[in-house]
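Attaching a single structure in structure tokens format; questions to follow.
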């Protein structure tokens, strides 16, 4: 079978779901962030795959680049915040950070 | 006096008592004792004017049906509310009745109410009452009638509850007012039907409309209904079965009030109303009226037999006599019915004032003896008053005779006419209608019996208590009214012939009005011989200030032997005149005789009778077995009926009234609960449900970020599949 | 099966298997290192998709930058000296919900991806994308590019502020 | 390809944003240079905002696709940029009086700087016409706001808020970018104008379009706190400093609505001539209905849950969710009337919501609590403040004669005019529910603790003046609102190209 | 004639309270006790002055009003018209949005303005008893006054709505701050209940605006102004029925009509005396006024459709309210105010029944009943206030025998009670009779059932009268006044209370004897109103 667009998309879909699963189920904040990275990478696979099969559309690549840049920035901020949480709570279990509710 | 003056003077007569009311209510406290004098004086002036007006009307303008005016009270653009005042012959007579009795009661009260804390207020209320009552008298339209009807009700309420510290008094006032309102509702519905149909409140317009054949809702039955509705007003005010229950309770009011309102005037208003609008009643409505009147007359007569409270006896007697009047009007005896109203007013007022006199004396005696527990109104505490209170006794005796229908009294004339009328009616209509004269005669007999029982027990014999022994005759202001009223009960005032009133001025002046009801819905025997023209005349004259009715004299002149009477009924009444007279004399006589036998001469022991009735087998051992048995079947039988009817009245009729009041209040309670829990509950439920939803939705906000993510993803999925 | 196919399946498997390890692993360090392989697999897929520049960027920024950042984070927030590098117990309910939801999402996405028509066009002759990307970034995407630089500046300021100890 | 003339023109239209960048840098530098002044960055920020406002005003009437269609400069954007600018300005002023911030830090350089950065991000977002640009802009404002939400970083709840915010925000934008990738796959373009043209010319599969649309909506929805993307809102609003809460509730919402409307109108409008009455949207999906359902969910949830809140900030958070619902009602009608209603509403919403938060801030300064019970007897302890608060709350409820009523009037007007009677009924019933919790505050202020022995609260005249400056317009615009309506009507046309 | 002058008298009478509010707010609260007392006195008399000036203006309006000009839907025959452009803005879909400052009065509003002025003036005096937060109280009081006046003057729907809603908040505060023990509940209930009603009104208002392109009420009454394709265009459409119902419910809540009445007893029971007076005296009238001014003439076809239902609701309210009042002697605490509150439900039901009849008698009667009920119920509530001030209880069981201790009071009370049960010679009688006469023509059976209220009314009123005034004075009333030992003051009414009560009593009796001064005002307008409605309504009977 010829490898086509759909194959990549399926990989992306699985990766996306895995990422979400990680976000939902992991306690550790950094694990949640890792899940998030999977999600973003899934999106990137889409971009690149669509770009490739949409007539080598460079826009997809640009988009992927921006996603990577922003992921980096976001990761930096998120980690800083997680560190701050660690300072305040002495742990980084997201499900235990639930004082604000209701 | 010219005709133009009649109405302004009538208006003055109407307003003068209001002045009394205003003076006494606003300045009463300053006036103090003088307020009685002021009130009496004002009423005296009023009486003078009333006499002048009435004489003018009757003597100079007797042939003019009604002197009246009409003016716009207020308007709603095209729809004008026209009202007016009018004096016809019955109004003229009523003016005198009301003002004279009111004047006498004012006078009487100066002594009787002496020392009451709210003496000025009493006079104020009397003034208000007189004003309202006069308003009813001179109204020539339903609206004014209703207006003053209500005002009479409220002043009656105030007067019955005058001693409001007593719970029974304020309860009685309330009961009277509310019971009256039930009748008033009917009255009001009747008015609405008529206004709706004929577009006017004026009697003449309504009658003209009816005689032109226009029917409410285009249905002749509705005219009957309207008539009965109007009559319901009369049932309330005139204490007709089953709305009569308030009247005995109303005796809680001061006795002069009972004399004025609950004997002579206000309770007669119902009769007056029926007389005023007599022309609009259909045959069915009249039958209804007659039946109600008969039932009332009979039932209350039987009840009066056993009462021991002085005023209660008189109260039931009043109800009974009102029944007579209503009955008379119902059978078509217009003139006699109204005649009885007038004669009854005098002697019943006299009876009540005499009762007042007795009670006043008893009170004084009790006061003298420092006794505060004995019931001063219980006839068994009296006895022998004949000696201590001679004037009271004499007048009382005389008016008792009048009430019993003994010749030479006015009561004889009027009652005899009524009884003859019932017989004529039964004869003309036949069938079960014969029950009406039978019951009427029985009631008449009982009237004589219980009145004499009262007289004998209270006045004759020995003093039954020490108190009775210490009673003294009252002062002049109390005695004088009694004498005047007793005097008024002489036959001579109404007819030169002591056994036939039909030749008197009264019967000449008070002529049965022509029925406005089309012939198809009216008793044929009530229709006058000549028909249409007079009606048209009325219709044409609708705008003018006065209406000429058909003149009886002209008819007499034009007609021949039978034409002497206006209609078949009167002719028939005349036929029965002597038979009825004979019968009634017989029955009244035996009633009196029985009373004397039992209470005066103790030929028959009342106590024993009662005991034996209760324990029949001990009766059988008695040596006067046959004798007594014979006697007791009549008397005890009557007693049984009386007792049971009394019971019936107390527990069933009154009970029904009370029950309906409980039911109403209970319903009010249920509605209250319903309102609190269902309607308001629904509102609160909506609010609580909203809050509940909020509190549940709030649970979604767990505080855990991951659950939020789950919700977001779920949300997207649900939205996706929802909108697909 | 040609080389490309084999390569695709290799990189695809690499990506997914290690992706799964990332989210299922109990040990956070294992997860972090698995993430490295995932990223590497993705970079491989990029190559297969003729995205040479992206593949390099992926390796450089993600593996070189972000991952290192993450590992630093792990180290700073977890007591390395202790044994507690595990990520803690997770409620069964949460796992079940997460599992079901992820499967649902994957199923939905795969369903959509396999059944829908996508915008496709004949590809131009494949050459290096670096040139094109460079041109685009400085012309059509100039603003986005500059804005991203601003964003990074903000991120630096912010991250520095947050991560800084109390002064 | 972009030519030089386009670039020159674009740059000239980029002056407000440029000013913001310069301000950002200057603020940072001055803050580092001048150690003594605590608020120096704030003053610079104010100056910068004023200048930016001036440049923004200069753009009146401009309609241009700048930077090769990355950014659109139009009157619609200008209106919302003014809203954002004004709220930034007001928030900075509020911050001068925030004990919360001043107690936590000796210097607030980063704070003001980040506000400017966030303003910059929002400016970009309002004008973005390219999905990548939108993503970058959202991230720019988000990253600033994550930090700002946790600015009082030693405070536990602030750091918690910040964590939740960053995780939720990152995931939402992750989902959004995945949606963008799918849209890119469907249309082969990231530019809204081109997407529009592609959709007009070709038929695309409904299901992926819907899914990608919903995923993109999750990015926008989280900015405007639409259900079910709202979950961060209460927690973050409660945890963040009051000033930031207020800022998030107005400015970032404004930017969110801007991009939402622009996405639909620019990207999906079927631009057949003469269809300005109601927008025909491309792609065979009833977006009216989708947004309407979300609007109903949003306002209902916001109002119902708000009933139970006892923390003022949290209550106002739910209230702001509810208001997002009302606004979405106007969005859902998808016509110019709706846009105009959104703009009008937003202007008034800015006044009243910022006012309410400022009162919360002032009270918290004095009483150290945001608990609703602390407001007991406030009407007697500080009459002016309480009266102003009452005005804000009544305005938020939407009762005349306050400006909030005018906002609601226009929203319902647009809804009814489009025939969505049921939506209007749900809307008004919701505003009845909302009355309950707004009045609860009024009740506490006036009905509770009437004969209080507690001391009077004295506020500095300048803070009172600021509150009055928000309260009086809230009232005045309720009886004379012509200028705002005219302005909104002038601004309601979203630039859709040729 | 003032009517032809350019003096904007309606603006003055409406906005005069603003002046009062400003003065009141500027009065310094005083430093020491003496100063505070002085400031309270000043504030009170400012309120008296302002309301008195309003009363004078109302009388001037009354004197200069020309009853020959009908108004209702005809701008030319409206009087004292002030019409200014207020809001003009272009909107894309509906063209210009035009909101006008449009005030004017006709025969339907003049009695209401008079009523408002009278009630607001007399209710100031019982307000003297307010001790806490006097400044706020009178400011709110005047604001309420402003709103009420405005409602009766406005002819622009938007303006009307503005005034309508303007009353809510002051009312909330007046009940909530100065009310009884359950004031919070009552206040919020009032607030939410009325808001529910008015939001529906808002929607219909917007719909009407979109259909006619104007907020002008008079234009809305002309079917020609509705664009054919607009939502309310056409006739007898479902949406018009729904819209009418929306308006009707909005107004019915204010009336209050069964089953929307449950806020009323609570509000009355908890409100302070003067506010009960205003609530019963003026506020309830607004519902019925709104129906006549807005709901019925704008949707005559829908009115025709629902006419019988409305008549039924009127009847149910009459009987139901009366039963509830009667039931007061058993349910819970026997509260005097609750009794009167329910009697209000009953009496206002009469208004609705009269309106539903669409007969001149019924409609004139209904409006007159609004006026009379305003005056009479105001009296009743003040009367309750008088004993409440003395006894600090309103429980009917706590009283008895007061007639002896307070004779003047009893006299005034009797007037009010008898007026309330429709005794002839009192104004209530005329209106009751007119309503029944009118409704009997259209709905004879319903009218007869409603007639039950004549009996029930007498029953509950006399029952209350008996409870309070008759019988013996309870122990706790004897001896020197001492609230702590539940010994009550038994002074008779004082001068201030007389000032409030006597004029009302005079009005009641005067209008009972000679109702023309009020009836003449409205007959022209009402007849015109009926004429407009005639093609659409059922008038029953013959």
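A, B, C, D and E are the chain letters, set down in written order, and residue numbers restart from 1 in every chain.
The rule we apply is simple: a contact is a pair of C-beta atoms (placed from the backbone, for glycine too) under 8 Å apart; a residue touches a chain by one contact, two chains touch by 3 or more.
The shown structure was predicted, so the numbers you read here are calculated from the model rather than taken from an experiment.
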item	value
Partner chains shared by subunit D and subunit E (touch criterion as defined above)	B
Both-way neighbours, i.e. chains that touch subunit D and touch subunit B	A, C, E
Pair with more cross-chain C-beta pairs in contact, given B-E and A-B	B-E
Centrality ranking, top chain (CA atoms only)	E
Chain at maximum distance from subunit E, centres defined as averaged CA atoms	C
Most widely separated chain from subunit A, with each centre as the mean of CA atoms	B
Rounded Å distance, subunit B centre to subunit C centre (Cα mean)	104
Separation of subunit A from subunit D, taking each centre as the mean of its C-alpha atoms, in whole Å	27
Rounded Å distance between subunit C and subunit D, as computed from the means of their C-alpha atoms	31
Euclidean distance of C-alpha centroids - subunit C vs subunit E, Å	71
Residues of subunit C touching at least two other chains	94, 97-98, 101, 105, 108-109, 118-119, 121, 141, 144, 148, 151, 155, 158-159, 162
Sites on subunit A at which at least two other chains make contact	9, 16, 19-20, 23-25, 29, 32-33, 44, 49-50, 54-55, 57, 59, 62, 66, 70, 73-74, 77, 81-82, 84, 94-95, 97-102
Per-residue overlap in subunit D, given as positions that touch at least 2 other chains	132, 136, 139, 143, 146-147, 150, 153-154, 162-164, 167, 171, 175, 185, 188, 207, 211, 234-235, 308
Interchain pairs in contact, sorted by label	A-B, A-C, A-D, B-C, B-D, B-E, C-D, D-E
Subunit A residues within the subunit C interface of the complex	1-3, 5-22, 24-31, 33-35, 37-38, 41, 44-45, 48-59, 61-62, 64-66, 68-77, 79-84, 86, 92-93, 95
Subunit B residues within the subunit E interface of the complex	25, 73-79, 143, 146-148, 150-151, 154, 157, 161, 164-165, 167, 170-171, 173-174, 177-178, 181-182, 184-185, 188-189, 192-193, 195-197, 217-218, 661, 664-665, 667-673, 675-676, 679-680, 682-683, 687
Subunit B partner contacts - residues on subunit C that touch it in the complex	94, 97-98, 101, 104-105, 108
Touch list for subunit D against partner subunit E, complex	276-277, 335-337, 340, 379-380, 390, 394, 399-401, 405, 408-409, 412-413, 416-417, 419, 421, 424-425, 428-429, 431-432, 435-436, 439, 442-443, 446-447, 450-451, 479-482, 485-486, 489, 492
Of all residues in subunit D, those that touch subunit C in their complex	1-2, 7, 10, 14, 21, 24, 28, 66-68, 70-71, 106, 110, 113-114, 117, 120-121, 124, 130, 132-133, 136-137, 139-140, 143-144, 146-147, 150-151, 153-154, 162, 185-188, 198, 204-205, 207-208, 211
